[in-house]
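Listed next: structures, encoded as structure tokens.
Common to both upcoming complexes is chain A, partnered first by chain B, then by chain C.
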Partner chain A sequence: MTRTFRNRRTALLYILPALFLILSLVFLPIVLNLYNSLFRWNSFDPGRTFVGLEYYIRLFKDPVFYTALKNNSLYAIISLVFQVGGGLIIAAILEDKLIRRFQPFFRTIFFIPSVISIAVVGLLWQLLYNPEVGLVNGALKAIGQAEWAHSWLGDSEVAIYAVVAVSQWQYTGYMAMLFLIAMQKIPFEYYEAAMIDGASRIKTFFNITVPQIKEMLLVGSVITVIGAFKVFDEVYIMTFGGPGRSTEVLGTMLYRSAFRNDEMGYASTIGTIVFVITLTLSLVQLKLGKSGQEV
Partner chain B sequence: MTAKSNPIVKTENVTEFRTGSPKLSMTIKNRIFQSAVLVWFSIFALVIIYPIIWLGLSGLKSNSDFFLNTWSLPEEWIWSNYKAAWDAGIGQFFLNSVYVTVVSVITVLLLGSMAAYGLSRFQFKGQNLVLILILSGLMLAPQVSLIPLYKLLQGLGLYNTYWALVLPYVAFQLPFSIFLMRSYFLSIPRELEESAIIDGCNTWKVYRHIIIPMGKPIIASCALLTGMNVWNEFMFALVFVEDSSLRTIPVGLMNLRSQLNTNFGIQLAGLAISALPMIIAYIIFQKQFVRGLTAGSVKG
Partner chain C sequence: MKIKAKLLLVAMLALSLFVAGCSSSSSTNEEESGKVVLKFLHKWPQPEFAPYFEEVVKEFEKQNPDIKIKMEAIADEPIKDKLRVILGGNEVPDIMFSWSGEFARKFVRADAALDLTPYLNEDAAWKDSFIPASLQPFSADGKNYGIPLRFNGKFFIYNKEIFEKYNLEAPKTWDEFLDVLETLKKGGETPIILGNQSPWAAIHYLTGLNQKMVSQDIRMKDYNPGSGEFTDSGYVKAMEMFADLNKKGYLMKDANSSSHDMAKQLFFAGKGAIFYVELEEFADADKNMKGNWGFFPMPSIEDGNGSQNYITGAPDGFIVSSKTKHPEEAIKFLKFLTSKESALKLVEQIGWPSPIDGATNPDTALKEVAEGVDFMKQAEGMAEWLDTDVHAKVADVYLTNIQLLLDGSKSPEAIIKEVQDVAKQVQSEVE
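Entry: the complex of A and B
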């Protein structure tokens, strides 16, 4: 047995096909991206001019870059509050013994949006936000707040919030589900003891539930923040960075530079920045994950 | 600071808890709590589900019906909208999505389970390095690879073919599937394999006749999660194929939007057709879905 499973060549036979694909289509592109960012080039002309760090300097002077960074950060913060915070509260309440028998129903419904593609969700919400026929303004009129009606995606002041809101609609139930799963692993005796002690729900939540799922909370938070810096689809579909460039995020800025303005080098530079940000956040996650195990 | 420091059960409290009056006040409080939560959750559920139902119903309306009666049921149920949406392109996009998803899922399951088997059973030098390399693939943002992959696929002559989608999808889905399957395979007891080896089985037979059958639950979870991610993927599908005859549903819908700019009923019917398979699949495979999430506990 031991000898059979110590044969390195056999082991690699099983692993290599997957490893080859991952190395060549996930890792190699990252190296190439870094290299690409040092040249001025476009997709049709085979010639390239070496420009060194010129694009990086240009990027840090580009006001749109700061709009994008701001919007990505806004995404991260709002998603932390609603998806992680809100998801946690929803999960805790669904696990409460008074509500538990309704859990399957609500759990199923809350999760449904996260299985639909962002393309469908984005196009659907574009209609819901439509100032004339959309349900959002219709609902505001129905509850007598007609003056709140807006051209949600057409107003550069509010468009980014309208886009971010869609993600909360779509993914809060997903996070709640992750937390629910973690909560169901907490031994029931803990709750029993607290109940007998007469601890209130709020106390039980902070003293038992939260500490017991701390690890999942950290993972959920980091995933959410990383996700916020990867955002592309919903912005592309609903606003394509507009009106003006008010809803631009790093993802759409990259796409626009590459495939609309045909500045592949500049787009690669944005790619590098996305790489650095997400890598840093991933390392934070690893670190937190480790320390979480020690506690 | 966790439950350990919580006071242990005290008997006096138990009796107090069981006496009449505090219990009565608790029931009233509980009732209020329960009702408040149910109202709140019902409103939330409505906010989630209503737009989706509205989508399906509005897909049955004529254009004027859509504009005049935004909230009500269709005046006349125009089922032909769904047919029209299907014929306007959704049908082709749908088949493309099915094809790309099925091929990607099968490849991920095959290569992923092999790699997971190799990493969970074998011991060799450099094993940790390989594992770290594969798992760090989980963290990388696809955007970073977008432009180099675009050039790479062009260079290989794969741009604008199904493979331009399948290969990147497989590569980006493999790390997560390997991660899930490896942890599951590690938990399969080794006794069976040992006796199989003594009986003269080679590792391939162990993989086929022991690991795969015993790993079925996690393989099903991986299939679902991979399938869902591939079915819904947008960015690669937007950039790596050009012909509208090769487009998958998410990108195809954008085509349809500009093409049917004036017919909302058909547009919404198209969206409904695209959303429905995933919703149905989720409701049918819910248990498996939750199990897959439990095993991974990561946003796929």
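Entry: the complex of A and C
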């Protein structure tokens, strides 16, 4: 009895440093952020005024907040379709025995974008999207679709799609890679058995491949969706929320409030909302993820 | 007992790690050896500018062996964030960069800037060495809070070859300006090059138009965060005039998709006739166009209520932290930085116009830069950049909406309405 007790005390001793760090670097800031959102303050002035829930009320009345939410959701949906859906299809094609011997080549090609720094990607696409000298409009003209040419990042109607598209270009290959790894763990006997039974390729894909990599699909979707609500850098570099506020996402809205408009309290409020959204999504993940042992 | 001791040890270890992490940068060797250390923050880390500052600092340290300058440089955009972050902490530099106008007054309101008036009054020779229009934008309530380092004005530059082709001359009035643009457009040229990806580029047009359309008293009252209303009809008219340039097809297409630098390259390549630039860009223009360019200030507007003899522009400079322990030494350094020798070197070495009277002359600077400074000296006053002269939140409304004005999704009335709403909100927040 005393022994277990002692062990627990010792265990606590080992946990303590990490616990201390997590408490002070993760949990304390969350609580502080909540507290800060109740005050009007800026970094220039040491003084603060208590405003209570005023900023929360203002946020829910702020049209930009809904633009941001809409843009984040667009990010999530489009990313689910392209990164998870598209990634899965790419992975399935690469795993097909006809293509498999070229797989290393394609794998590298598809994976490259995801290892380039976002700052570089942002600047690169800014140039590609340029209506005068950019490659995108040039390519459209070359294939005879000149009327599709656009001022991609400069038009408040299409800019957000142009920004979201860059993300798809960058991360679809990454997702495909995750799915490939999962697929390679599926025992070949399953496919052999299916072949003997005369199942078509499509059928084996839906009845063997997809169920076997269910866990990875789930993880992929959750990463994508949470990532979509935390997105900041691509938008910051390519448009900074513009033209107007049309490409604003929660991340850039927070940044703008804090570091341009000197409203730290409002920024904290947005931070709290981002926290609530991502926490909810993580809880959903935990709930859905319970079925599996892997990951 | 043993465990308690262990526990204590671990706790102390964790704590000491934490404390060490927090206070790594406080004391330095120089302080111990009796030297005064001044922290100096500016915004020119670029390789073409940084050497100048290094040289000046080295020279100053040689002349003042008991003072050590710790210099840090952070680029234009990031320094806007950096200043906000450091002011919240305890590591405020003694001397730091600031734009003039509202940006500097923000420091003043927060009691973060040292009042420099007594130091300037003490040394009349120093005070008189500045062109008066360069000190004024750094003042609030009749006190001086900043020392200008460079002087910047905004001018239209034009491609001489294109102008000659159509027999055009630099316009003096807005109507003449419109005629010039119409001729250029009919000739199939792009009349004005504009890169508005960062919307300050278009806001600089509005800076001048607002100043020329709205009377000085009303504009100053509106630009003050405590009393801003923006109800004068001149604000809408100014914005309409700018929107008209776009509607009539005088501005480059898809301006929102090009950065100012990209636009500059287009202009240098002869792809457009007129481009609105700052004085500090003149050297660049001359390098790329070799005499094939001229310049003129924003033309006067006949029915404008503001003074027509103003130049758009403002000085950039430095403020001293109110928390500094060494105000005397900081002033000494600023005096050195703005001495005639340093100013001459600034003009010669990097081509910036200096606020020191006489430093920018045809011998040290490009002929056009010297002429530009003359324009500024003769002007009645300066219209400071709209985006740093009004409260940050008002500026934000102007900046984001000017892009929507250009892509046609918002009208001038709607934008000014939004400006008025924010101004009201700001008024209630600034005591």
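What we mean here is this: the second predicted complex is superposed on the first by the 269 of 295 C-alpha atoms of A that agree within 3 Å, B and C clash if a C-alpha of one lies under 4 Å from a C-alpha of the other, contacts with A are read in each partner's own complex, and residues count from 1 in each chain.
One rule holds in what follows: a residue touches a chain if its C-beta (ideal position, glycine included) is under 8 Å from a C-beta of that chain, and two chains touch if they have at least 3 such contacts.
What you are looking at is a predicted structure, and each value in this text was computed from that prediction instead of being measured.
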**Message:** For A:36, using the defined touch cut-off, is the partner it touches chain B, chain C, both, or neither? Pick first, second, both or neither.
**Reply:** first
**Request:** Based on the superposed arrangement, let me know which partner A:259 touches: chain B (first), chain C (second), both, or neither?
**Result:** both
**Request:** In the three-chain superposition, say which chain, chain B or chain C, touches more residues of chain A.
**Result:** B
**Message:** On the A-aligned overlay, A:241 touches which partner chain: chain B = first, chain C = second, or both, or neither?
**Reply:** second
**Message:** A:153 in the overlay: touching chain B, chain C, both, or neither? Say first, second, both or neither.
**Reply:** second
**Message:** Is A:17 touching anything from chain B or chain C once the two structures are fitted on A? First, second, both or neither.
**Reply:** both
**Prompt:** Which holds for A:202: it touches chain B only (first), chain C only (second), both, or neither?
**Reply:** neither
**Message:** I'd like to know which partner A:143 touches here: chain B for first, chain C for second, both or neither.
**Reply:** neither
**Request:** Scan A:211 for contacts with chain B and chain C and give back first, second, both or neither.
**Result:** first
**Item:** Shared chain A contacts, counted only where both chain B and chain C touch the same residue
**Value:** 6, 10, 13, 17, 21, 24, 43, 132-133, 258-259
**Item:** In the complex with chain A, residue positions of chain C that touch it
**Value:** 3, 6-7, 10-11, 13-14, 18, 80-81, 84-85, 87-88, 106-107, 109-110, 112, 196-199, 253-259, 262, 266, 392-393, 396, 400-401, 403-404, 406-407, 409-410, 429
**Item:** Interfacial residue positions of chain B with respect to chain A in the complex
**Value:** 1-3, 6-10, 13-14, 16-17, 30, 33-34, 37-38, 41, 44-45, 47-52, 54-55, 66-67, 70-71, 111-112, 114-115, 117-119, 121-127, 130, 133-134, 136-137, 139-152, 167-168, 170-172, 174-175, 178, 190, 193-194, 197-198, 202-203, 207, 228, 231-232, 234-235, 238-239, 249-251, 253-254, 257, 264, 267-268, 271, 274-275, 278-279, 281-283, 286, 290, 293-294, 297-299
**Request:** Write out the stretch or stretches of chain A touching chain B in their complex.
**Result:** 1, 4-8, 10-15, 17-19, 21-30, 32-33, 36, 43, 90, 93, 96, 98-99, 102, 106, 108-113, 115-120, 123-125, 127-128, 132-133, 135, 138, 169, 173-174, 177-178, 181-182, 190, 192-199, 201, 207-208, 211-212, 216, 219, 223, 226-227, 229-230, 232-233, 236-237, 250-251, 254-255, 258-259, 264, 267-268, 271-272, 274-275, 278-279, 282, 285
**Request:** Would you tell me which residues of chain A are touching chain C in their complex?
**Result:** 6, 9-10, 13, 16-17, 20-21, 24, 40, 42-46, 126, 129-133, 151-157, 240-246, 256, 258-263
